[in-house]
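What follows is a set of structures for review.
What follows is a pair of complexes built around chain A, which joins chain B in one and chain C in the other.
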Partner chain A sequence: MLFFSYFKDLVGQEVTVELKNDLEIRGTLHSVDQYLNIKLENTHVVDQDKFPHMLSVRNCFIRGSVVRYVQLPPDGVDVDLLHDAARREARGG
Partner chain B sequence: MSWAAPDDIFFSTSLAAYLDKKILVLLRDGRKLMGLLRSFDQFGTFVLCFFLCCLLKFPEEVFCFCEANAVLEEAYERVIVGELYCDIPLGLYIIRGENVVLIGELDVEKEELPAQMVQVSEAEIKKAQKAEKEEMLLKGLMRKRMEFLDLD
Partner chain C sequence: MAFGLREFSLRAGDGSPSLDSSNGEELMHVQPSVAVALGNRSVESPGTLYITSRKLIWLSDVDVAKGYAVDFLSITLHAVSRDPQTYSSPCIYTQIEVVEDEEDEDVTESTGVLDLSKIREMRLVPSDSTQLNTLFDVFCECAEPNPEPVEGDTILLLSFNSVFASLTIYMFVLLYVFSEEEEDNGHNWVFSADQMVIGGGGEEDGEWPISQSPTSVIGHSNGDESIAQPMLELQISDERFDDAEEMVHESETRDH
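So, the complex of A and B:
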């Protein structure tokens, strides 16, 4: 639940999602759900030449189970808030 | 993934936005399927079909598809090897959600592929795939031999 809440706050920010098949997609976070499935808008692939089939894709839905990383802008992260939330979660709250 | 109320539309992802649109589906085994999204359910299972104009006389069978009626419609697999590609027609497909990596909405106004790519027949693309696989195997073998030598 912690990261679902965290991603809800990130809606509208520009992120890069790296998938387990090494595909990296940059886009605006449109929505997220309890499975951490991600919908991105205005997408473009980081290494376009390696993935020519993605050329005309502008919006996409990414299944949560295939995400390896979600790369965020460093100033888009409130680390202290995350620390507190994690401690609360660990305490069982 | 339930039907979202207007307020929490950003807190649940729904494939409803892609209904009747042409989409690209990346599967876990690396395949790329393309077609028109006709239906989906909450576990991420969804239905792809591609309308040929002559099949438009059966619209009612499309919309009761969840009973898996046999309707003649086409999804196709796009196989890409280097600069070559081939679209292999597949027909009506139900895809189980666990196999899906990504679903992309294809922008109809943009080119789906870079201009230099060449469309070839199914036989040719299969040959190219085989050659690429053998090249990968060879590279893997040679790398193993070099590692053994430990030239550093």
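So, the complex of A and C:
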């Protein structure tokens, strides 16, 4: 649940989601659910040659299981806090 | 459960698709007058889009043998696409997860027959484009209750939501954590106090050291000593673990 809570706090910020098929989509984080399904708004595809059809897409829903990375805004991350929280979550505490 | 896009032609008497209601599948939305475009192929129409709680089904209105279906589990992305320069009509654009096959880029040219399981993109074009936002929302609503079926998550859920003894919860979480790190040992894990008893006494593994301690059996997991150490640390004498007594009894009767 840690990252679900974490992403909820990031709603409204700009992120880049990289999918397992190498597609990278930049957009504003609109919402996230417990499975880390992500809805992005004002999307722009980073590499437009691979999926030209994505050019016209402005809002999308991305299945959580297909996300490889989510690139976060540097000033949106407190790395130490996140690190500690992740360690606690792994310990079950 | 099938992976990727596939043909679908099972229809009920009224022309609607046959659903797997025994599995809880329900029809969520019907959108008539929808054309479908698979990959780079030209659009096919007229047809009707059926959105169920498990999958998308498109059935041709004119050819009863023609239809396509894809589980929400395989739909990796969906979006509304409105740019007339990218595609002539506003549509719902979807990406479908396919099993990667490096040599295969042409879905039709290799054999002349369309291989649906290799289709990565699908567009659904309703004749009524004002319905696009509704369709997008229905897709979102149906995607959410179709998460990945992963065993690890189940264990974690148990540990957070159950009312088991706190020690059991702690052990389950640790088991989950260690199963992530030890790739081959997932099958050796025990998930109940009873299993620990059975696993402790009946193995023909000659490497098991004899010990009078009721804690040691649980600490030795089929010869993998690296896991044993943290498991031992978990042991506290909790009277709810009846096997403590049984362990003592078994140790006494063992012939080695």
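The rule is short, and it goes like this: the second predicted complex is superposed on the first by the 92 of 93 C-alpha atoms of A that agree within 3 Å, B and C clash if a C-alpha of one lies under 4 Å from a C-alpha of the other, contacts with A are read in each partner's own complex, and residues count from 1 in each chain.
The rule is simple: a residue touches a chain if its C-beta (ideal position, glycine included) is under 8 Å from a C-beta of that chain, and two chains touch if they have at least 3 such contacts.
In this text, all values refer to a predicted model and were calculated from it rather than measured experimentally.
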Fit or clash - chain C, chain B, common chain A:
clash
Just to be sure I read the superposition right, which of the two partners does A:Ala90 touch: chain B = first, chain C = second, or both, or neither?
second
First (chain B), second (chain C), both or neither touched by A:Val32:
first
After lining up the shared chain so the two structures overlap, which partner does A:Val11 touch, if you call chain B first and chain C second: first, second, both or neither?
first
Intersection of the chain A residues that touch chain B with those that touch chain C:
19-21, 23, 33, 35, 37, 39, 43, 52-63, 65-66
In their complex, what parts of chain C are in touch with chain A?
75-83, 85-87, 93, 95, 97, 120-121, 123, 136, 139-140, 143-144, 147-148, 159-160, 169-170, 173-174, 177
Hey, which residues of chain A end up touching chain B in the complex?
8, 11, 19-21, 23, 25, 30-35, 37-39, 43, 52-63, 65-66
Residue ranges of chain A in contact with chain C within the complex
1, 19-21, 23, 33, 35, 37, 39, 43, 51-66, 90-92
Going by the contact rule set out above, which residues of chain B touch chain A in the complex?
1, 9-13, 15, 17-18, 24, 26, 28, 30, 32, 44, 78, 80, 85, 97-98, 100-107, 110-114, 117
